[in-house]
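Each structure below appears as structure tokens.
Two complexes, one shared chain (subunit A), two partners (subunit B, subunit C).
The block that comes next holds the complex of A and B.
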């Protein structure tokens, strides 16, 4: 691989990761939009610095961006505290004003024919290929500094994000922590726009942490994952924009990030869409199986003997779709809860006990509803139909205790306990 | 007897509307004190002002006879449970350890000592087995106990708690109360913002009745009388609220600068 390209790649990876790490705290603070506003607001500072430094001085660029960004940040705060405007209004106001001003400066440059427009445009959408070696060194150093800063201020940032009042009360230097965070945010955005440009910077700040949040519940792990996701996207984006001519880097980075983001929302364990879907299916299946066992137990209760029921018998008593019932019975047979006879199915001892349990929970809950929640006896059945599948053994124990080992439910049916 | 808290002619406003008018009282040490009053009576504002989170328009507050800054390490604060986002990525231990954060260890790693103290605090609120549970998975009562454990981990002498009994189950309420009594027996002072009159008499030794103005402050036998309760809960004084609205809409300053009644310099 081309060694220069490799250096650029490492630089881009570092700066994307550091932006994502700082962005994680913005995300957790619910300030995603503020990052977007600051990114846009950097433009005037960047353009001015570009003109002054003849487009070659990265330090000047950082300074310009920093001043412009801090100015925007404090303008938002000032507008919020001095007017009755809501937060989102203040943010949009600053974003559009600063960005508009930046674009105006850019076109002025163009008109005066200073000839660096091509160089300037990379700050709009990012163009990794246009980055010089000087840039790579300066921005990589800055990225490392950012990560060290977050590491150093970890406790402060964590508490400021979770419970700022508490941080103030225990005497932490909250103004210093806030200022540090603001400066780090602006610097992170300054380095980040080298990769994706101001327009798409919000994605680099926020999407990695949103994706990481789906996979983990610990803050350190979330910071690491966000950095990793950002790195993967930055590398992919840089690679594509360097092999395909005239391709901006930013949009590719953002598209890869979006894929990781949506992928996380779909596939993440517990919180992901698939996991939710799987839980819903499992609950549905449990409900059907338990309903069949309950029904068979109730038939035995009615006739006072063991019964054999065919599929049609069952469907006559309770509306269950035929194929659902067939699947349920196969499952019950496999779990040794029912046995198959020539004329239908019968409960095993294990299945009888399970059916008895469901009926017991149903009746206990009905009793609880009438006794404790004062509900009328003709209103309680639907609720109990659900609760019989939800109540766990320890809640059952509490129910029995609270109701004083009751014998009969509100409809005078006996509550069937396990015979010892 | 040493005073735990001194509130001197305190006036505080929120969005330039006065929420506390000339409130003046002091509290004893080693007692469980209730700050009691109806919704919107300025109880939380009172607590936040004592904790330095809100600046008074006039008057001052002191803790153990000193400005808060001198005694921060002796003061612990339990904010309202709803004031934070419990979806934050942290487990129970992480939150309790925050009670060990100090200005002088901000940049240092958490020490073994901190961990031991946090573990003891968790034991006291009966949450040790939940140490590594995500805070988002806790019930309301458990969240409240986490906050109290964090406060215990501060190892303070005075504890200010904002509505610790709101939204907790009966068992947790009993457990918290028991803990507060133990703390009192160890000579700690506990100050609790509370809105429920039915339980106030049972819980507290000393009561501050508040409704924007101070209605009464003293031992509960003296304060918990029908007349005073009626005064506190009988609605705000019409004249005061009219004047408050006027000051707010006219954006009039609450005090002229020479009458701020700051603590006299020694």
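The block that comes next holds the complex of A and C.
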């Protein structure tokens, strides 16, 4: 394999995975954009280091970036805690003014005609294709450092992310943990920015964790998945940019990441958009079915005998769209909850029991609302219409016990128990 | 922060418009940018509200993806599209005088001057017409909803204005520094003033002071004009923050004493 390609590949993969791990904690803290701000705010430190040193020592630039990034991080924190300004105002303020200051300093260096600007350019646009063997060593060192840092401080980071006050109460050194995390973040950004540039750094931090969040709730799994997504994107992106001529690596990595990210948010099981929609549809369907059974049971209650209802009969009692009702009845028939007669539909024993259950839950809940929550009897129906589809057998049992095996609901209708 | 996001997200819109129209005509670029800008706002809202992504992350995901797409498109069409990332990151107002509006050989002055002038009028007009609705929705979205005001629609209109301002300022100051212009004056004024009308006036004044001061600074130091304006705006905020902190300390000292 082409050694240049291999260098870029290893470098970007290490970088992206490191950034993804740090970004996951930021994501869970709801502070993803702080990373974006830091990426921009590194610039003045880098340029000052460039002006002070001979401009060729990359370590000096990294040091400048680190100081500048830490300073920006604390500025955001200070503005947030001491003024009424909102968090995202503080973030964009620091981002833009620090960056502006950096560009201003940079135009100073251009004027003074100190050539050798390549070192600076890297910090703006990123030069993935120009990754050298030295860079690969730096990236590997960073990745190892991050792994060790996260490994040592795992418990602390976890608590800091989810509940800082609790962490302080149980005696963890919160300021130290926070400082460690900030330094690791700034470090990851400082190094990463040189490969993908100021703007796209935010993608490496944010997108993998947002994608991972769609698949899992557990923190260790999220960290692993985020790193994995980042690595896949890095490899695919580098490959694409090496195959097509003149294609930049960083943006392609980010595009692959975006596809994984948006894809996860849409297609992930359980938390994805499609799964949620499917669940909502299933719920809606269940509600319609239960409403039809309830209606038929209530008609039997009124007339005290088995009834046969046609579609129009049902629609006269409850507003249901015709095709929705037709589908519901077909479904009920298939599940043996109703039988079809020449003049309409009648409940089976199974369907009667199901309808009775829904009516029972409705009336139990109405009674609970008036008896225990003190609501007026004419206000409780809409709430019960929803709850009758939600209450589980366990909750039903508790309700019955809580209300002392009641006979009548607030409207004096009998609560229908299963005859045994 | 949405302003920052939009200013980056419009890149693919500009690239596509440039490629389709094969010209740097501001109208086409503006249209492309405006469409993508408003689209990005909608995507961010969907991610946040429908898919429950952290609000920071939904902004970050959207604009970085679009920016990356823009860079890739520009690289694809690099033979025919003469744009680069640098010009997007930091525009240069100093070049504005060279981009002249010519009609039949008669010069009407720099294009950017005209577009900025029109922008100023449009924004003023928008604020005057929509003052009430904006006021209610900015301060209390729920209350606005109770009054029967479509808060979502107002938000969208405000975001369209932000993308308009962003796109127009783009050529002169670039995607990042336009954020300083959007945020810094209001943030500085808000430290001391909370009432809307005085706040608007104070913000405009701080913005003006920043522009003049930044221009002066850039003349003295021979630095980039836009960056100097952002720097001066940052410095103004810093001064305001120091005064604010001193005042706060004073009042809290009195508050502690019995």
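The rule is simple: the second predicted complex is superposed on the first by the 336 of 420 C-alpha atoms of A that agree within 3 Å, B and C clash if a C-alpha of one lies under 4 Å from a C-alpha of the other, contacts with A are read in each partner's own complex, and residues count from 1 in each chain.
Rule of thumb we're sticking to: a residue touches a chain if its C-beta (ideal position, glycine included) is under 8 Å from a C-beta of that chain, and two chains touch if they have at least 3 such contacts.
All values reported here derive from a predicted model rather than from experimental measurement.
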Using the superposition on chain A described above, determine whether A:345 touches subunit B (first), subunit C (second), both, or neither.
-> neither
With the two structures laid over each other on chain A, which partner does A:162 touch: subunit B (first), subunit C (second), both, or neither?
-> first
According to the contact criterion defined above, which of subunit B and subunit C contacts more residues of subunit A?
-> C
Where does A:199 make contact in the superposed view: on subunit B (first), on subunit C (second), on both, or on neither?
-> second
Now for A:123: first (subunit B), second (subunit C), both, or neither, which partner does it touch?
-> neither
State whether A:25 touches subunit B only (first), subunit C only (second), both chains, or neither.
-> neither
Which of subunit B and subunit C A:33 touches, first, second, both or neither | second
Determine, under the contact definition given at the top, whether A:297 touches first (subunit B), second (subunit C), both, or neither.
-> neither
Overlap of the subunit B and subunit C interfaces on subunit A comprises residues 30, 213
Footprint of subunit B on subunit A - complex, ascending = 28, 30, 152-153, 155-156, 158-159, 161-163, 165-173, 213, 216-219, 222
Which of the residues in subunit A end up touching subunit C in this complex?
-> 27, 30-36, 40, 79, 82-85, 88-93, 95-108, 111, 124-125, 197-200, 202-203, 205-207, 209-210, 213-214, 246-248, 250-252, 254-255, 257-258, 261-262, 265, 273
Tell me, which parts of subunit C touch subunit A in their complex?
-> 1, 3-4, 8, 47, 50-51, 53-61, 63-65, 67-69, 71-72, 75-76, 78, 85-86, 89-90, 176-177, 179-180, 182-184, 186-187, 190-191, 194, 218, 221-224, 226-231, 233-234, 237, 241, 244-245, 248
If you look only at subunit B, which of its residues touch subunit A in the complex?
-> 48, 51-53, 69, 72-73, 75, 77, 79, 83-85, 88-91, 94-95, 98-99, 101-103, 106-107, 134, 136, 150, 154
